[in-house]
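Report on one structure; see the data block that follows.
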Amino acid sequence: MSSPHASPHASPRPGAPSVRRSVPPGLLFALPFLILFAMFLLWPLGQGLWMSLTDTSLSVHDPAFIGVDNFTEALQDTEMWRSLGHTVWFTLISTVPLVGVALGLALLVHTGLPGQWVWRLAFFAPYLLPVGVVSLLWLWLYQPDLGLYNHLLGSLGLDQVGWLSDESVAMWAIALTTLWWTVGFNFLLYLAALQSIPDHLYEASAIDGAGAWRRLWSITLPQLSRITVVITVLQILASLKVFDQVYLLTKGGPNGSTRPVVEYIYDVGFTGYRLGYASAISYVFFTLVLVASATQYAALRRREK
Amino acid sequence: MTSTDLPVRTAPTPQTLPPIRELRVRRAARRGQTNLTLGNSRLTRVLALAALTVMAVVWLLPMAWALLTAFKSEADASSPTHWFWPQGGFTLDGFRTVWERGDLPLWMLNSLFISTAVTVITVLVSAMAGYAFSRTRFAGRRWLFLLTVAAVLVPPQILIVPWFRQMLTLNLLDTYAAVILPQTVAPVMVFILKKHFDSLPHELEEAARIDGAGHWRIFWSVLLPLSRPMLAAVAIFVFIGAWNNFLWPFVSTSDPTLMTLPVGITSVKDAYGIQYAQTMASAVLAALPLVVVFMFFQRHIVKSVATTGLGGQ
Amino acid sequence: MTGMPPPVGPPRLTRRRALTGALASGAALLGAGALSGCGSAQAADASTVRLWDLFSGADGGLLNDMVRAAGPDMPGTTIERTVLEWGPPYYTKLAMASAGGRGPDVAVAHMSRLAGYAPTGLVDPWDLDVLAEYGIGPADFADTLWSRAQHRGRTYAIPLDTHPFIVFFHPEPTAEAGLLTKDGTLDAEAFSSPDRFLAAGRELAKASGKHGIAFGYVNDPAQGWRLFYGLYRQTGGTLHLPEGGPAEVDEDRMAEVIAFMAKLTDGRVNSKRLDYYSGIASFANRQAAMTLSGEWELGTFRAADKNVGAAPFPTVFGTPAVYADSHSFVLPHRPDPDPERRRRTHRAVAALLKAGQIWATAGHIPAYGPVTRTRAYARLQPQVHYAGAQDHVVLDPSVWFAGSGSDFQTAMSQVLQQALLDGLAPDRAARAMVRRLNTFLSKPSPA
C-alpha cells in the first residue's frame, strides 16, 4: 500500500497556505479502490456488453460473435417484456405504500407518544432480517392450509386465500411482504427529517395559535416534501431491482405471473445456460434503470428551480 | 431489495438536503412535547396511540408467530385444528435438531467472515479514495471521481452474469474471494466519504503538516480519528448490506460449506421434508444476530441509516 | 413424510468437517492462496464422497437408509449428502457448480435432463471398467434406459431407478365398481379406450360416493405434461424435434388426447380444479377411488390406506406406453479429476445400486436388474404390479431443454391447464403447444 513518507512530494512547505500542493500520493491513496473498481465494475460492465454480442453459454464450448442478434431477439421476446412489466408493476404497488406507510408511521411516532423504543423496534427490526429469513417466515404465514393468515381468515368465517398460488393475488402478497420488511428504512429517514425541522417554524405558529392539524398541513408536510421526493426516488430505484423475495417466495410463479426482469436474467443465464442472451437482457434492463434515473433527476432539478 | 442491495443509489444531486442531524430521542420527545405535539386533545392522543398500537401488533405478529411455531413440536406446528396454542406444550426440539445438523452455525460463521471482510475492505478502501479525491491533487482526479460518481448508477443486478463469467475465468467460483470481492466496490461510499472529508476543517492537518507529517499520517492519525462517527455509520451500513445480501452470494456459491446464512437456509433442504417447527427455528436463529446487535446499538444503527441511507444526497 | 429422524446420524455435512472446511478456506483467503482459488473441495476429507440430490420427504429418508446399507460395500468411504430444492433450482445449481469445476463428486439427475448436460460438457463420462470391477455392467439395466445414458459412445449416467406415472386405487370401491380382476389387480381392459376409461370413472365415482378419478395438475409445472405425453405416445404419435425446428408432431392426435384429458377433469364425476397436493389429499382421504400420479407418492398413499393398489398406466389409445423418468447418477465436470476420488465415487455408486431393495420400498422400480429379480422384490406389494411398466417407458424427448424440472415441461403444462381449466379448445391448445415447442427449438442449443 502507499507509503507517503517515501514520497518526495510530501515534504512540508512551511508557510504554504494549503496542503493541497502535494500531488502524486493522492493516486496511491485512490489506487486500491481504483483497482477493485476496474476489476469488479468496469471490467464486468465491459465484459457484459461484449458477452451480449456473443452466444456465450454455460457449457464448455467457445463463444462465437453474433452481432446484435441477442438484442433483436430480446426486443421480440414476449417473456422479457412480460417480466419487465412485472418489475414496473411491482415498483408501482410497492413504492406507494412504502412511502405512504413510512410517512404515516413516522408522523405517529414523532408525536412523542410513550414507548418510542418499542415503536422503532417494531417497525425497523424486520429491515434487519436477511431475506432468507423473511421468505421462510412469510412462506409459513402464507401457507395455504396451516399458515397464520388463512387461519385468521378462517376464524373470521372467510374463505382461504391462495396468497402465493393465485395469479391475481401473488404479486400483492409479495408487495405486502416487502412493505413489512423494508418500510422501517424509509420510516427512519422520515423520522430523521422530522427531527431536523427547525423548531422556530413551530414556535411562530404556536404564537399564531395554530392547531395540531394546521401545523401538520402548513408546516410539517411542506417541510417534508423534499425528503419525500428523495425517498420516492430511492424507493423506485430499489424496487426496480427486485429479485430476492420474489424468487424465494414464488420462483416467479404461479405461471410466471410474478417473475421480475432480474429473475428472467437469472433464469435465462443460469437455468437456460444462455449467458450471452442474459447479458443482453441485463443491458436492456440497465437502460430502463438509466431512463428512470434520468427522468427522476430531471424532475428533481425542475423542482429545485 | 432495499436492504440487500449494495447501496447503489440514485445519482447524487449537487443540491443537497440540509444535513440530517443525529436522530435523537430528545428529552422533549420523552415528555411528549415535540414540534408535532398533538396538543391537549386527549382524544387525538388516544386515537394516535391506538393506531400506532394496531400497526405495531400487525408488524410484530409475523415474528411472534415464527417464535411460537419454533417452540412447538412438529406435530403441533402442523396441526390444522389446534393451530394457535400447542397441545403438547413447548419444546426446544426444533432448535436442537437444527443446531445439531451443523450447517446453520457454519453458515453463520461464513456470513460473519464474509460480511466482516467486505466491511473492512470497503471502509478502508473507500476512505482512502475519499481522502484522495478530497484532499489531494493528481492528474485525472476529477475525471476519476466523476467516473466513480457515475458508477453509482450501475445496478449490481446487471453484473451478476459477467461476474459469474469472470469468476469462471479466474477459477474462483465457489471460493470466499468470489463472494467477497465484487461486494467491496461501493462508489457511493467513496462519494459519501469524499464529501465528509470536504466538510472537515483544514487547520488540524496543516498543523500536522508543519510537524512534518506525510499524507499517510495525516490520513491515519488526524482525519480518521476525527471521522469515527462517520466511519462507524458507513461500516454499519455496509455490514448490514453484506449480511443481508442474497443475489450474488447465491449465484457465486453452490458448495453448501461456503454459503452465507440467507443462501444456505433457503437453498439446502432437509432430507426429511418440510418441518415447519424446524424451519422456523432456523429462521429465528438466523435472525437473532442482527436483531440482538440492534437492541444494543439501536442508536448507532438508526444514525447510520439516517446519514448513509440517502446515498449522500 | 416419514418425519422420523433415523437412529443413526444422517450422513450429512458433519460439523467438524464443515468447520475445518470453513477455516481452511478462510485461511486460504487471508493468505496468499486467496486468488489461486482454494475452495473447500480440496479441504474435504479424503474418505468422503459428496453427493447432491433432490430427495426430501420419504425418499430423502430412504436414501439415508440406503447410504447406511451400502456402507459395508464401500469400507472407509462415507457419503455426505446435500439435499437441494427439487426442480429448476436444483438443475440450475448443478449446472453452475459443474461449470465452476468445484461441484460435488456425484449428483442425482433425471435421465431426461442428460441431453442438457452431457453434450455441454457439464458432466463427465463414467468409467465402465471401474464400474465392472465393482460388479456393475450395461447388462444389468433395461436397454431403454441404458441407451438414453449414452452420448457419443460414452456413458454419462448410471440409472438408479425408473419412476413411472401410474394409477393408484383403493381396492374396496374399485372392486365394488367391478374394475378388479379375480386376483385383485386392476382390470386393464376396462380402461382400454377413452370411452371405457371415462365410464370406469363414473363407476368409481358411484362406488366412492364422491369422486371417481383424482388428477391434481392446477399450477403444477409437470403433471399435465406427464399425463399428456404418455397418452400421446399411446396414440402412436411421435414428437420429432430437429435442432432449429420446426417440431414434427401429429396435431390431430395431440388434440384427441387433450380432449380426453379435458373430459376426464370436467368436474362431473371427477374434480375439476385440483392442484398437486389437493389431488393427493383427495385420494388419500378417499374422496376419490383412483388417482393418476407418480409412483413416488406410494408412501403417502400407503400411510392412508395400507392396501392401496397400483397398476401401470392403462393403455387407453392402443399402443402401450407409460410416461416415466429415471433418477440417475452423474459426475459433475471437473477440469482435473483426482483419479482416487473418482474411483471412490464409482465404488460408492455401485454400492448404492446394490442397496436398491430399500429404494424399491418407496415405490421406485430399481434400475439395477439383479434387485428386481430377487424374491424380496417379488413380495413387494403393490410395487410388483406395476414393475411391468418398465417395458414400455417413454421418457421426455431427448433435447437439451426438456426433462424433469425444465421450463419446457412448465410451458407445456401451462397450455394444457388452459385447455383443462379455462376451456381452450383442444385443437387450439395443440397448436399453442406446437408454437411453444417451436420457440424452444428456435433457441440456440448450448451444446
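Things worth noting here:
Here the chain labels run A, B and C in written order, and each chain numbers its own residues starting at 1.
In this section, a contact is a pair of C-beta atoms (placed from the backbone, for glycine too) under 8 Å apart; a residue touches a chain by one contact, two chains touch by 3 or more.
If you're wondering where the values come from, they're calculated on a predicted model, not measured in any experiment.
Set against the C-alpha centre of chain B, every other chain centre is closer than that of C.
Of the two interfaces, A-B and A-C, the higher number of touching C-beta pairs belongs to A-B. Chain A and chain C have centres, each the mean of its CA atoms, that are 39 Å apart. Per-chain Cα centroids separate chain A from chain B by 13 Å.
Contacts with at least two other chains are made by residues 89, 96, 99 of chain C. The set of chain A residues that touch two or more partner chains comprises 270.
Multi-chain contact residues of chain B (touching two or more other chains): 164, 251.
The residues of chain C lying in touch with chain A in their complex are 88-89, 91-92, 95-96, 99, 116, 119-122, 219, 275, 333, 401, 407, 414, 417, 443-444, 446-447. Remark: chain B residues 74, 97, 101-103, 105-106, 109-110, 113, 117, 164, 167-168, 170-177, 180, 251, 254-258, 267-275 touch chain C in the complex. Within the complex formed with chain C, the residues of chain A that make contact are 55, 57-61, 165, 251, 253-255, 267, 270-274.
Residues 1-5, 10, 12-15, 18-19, 21-22, 25-26, 28-29, 34-35, 37-41, 55-58, 60-61, 63-64, 81-85, 89, 93-94, 96-97, 99-103 of chain C are the ones that touch chain B when the two sit in their complex.
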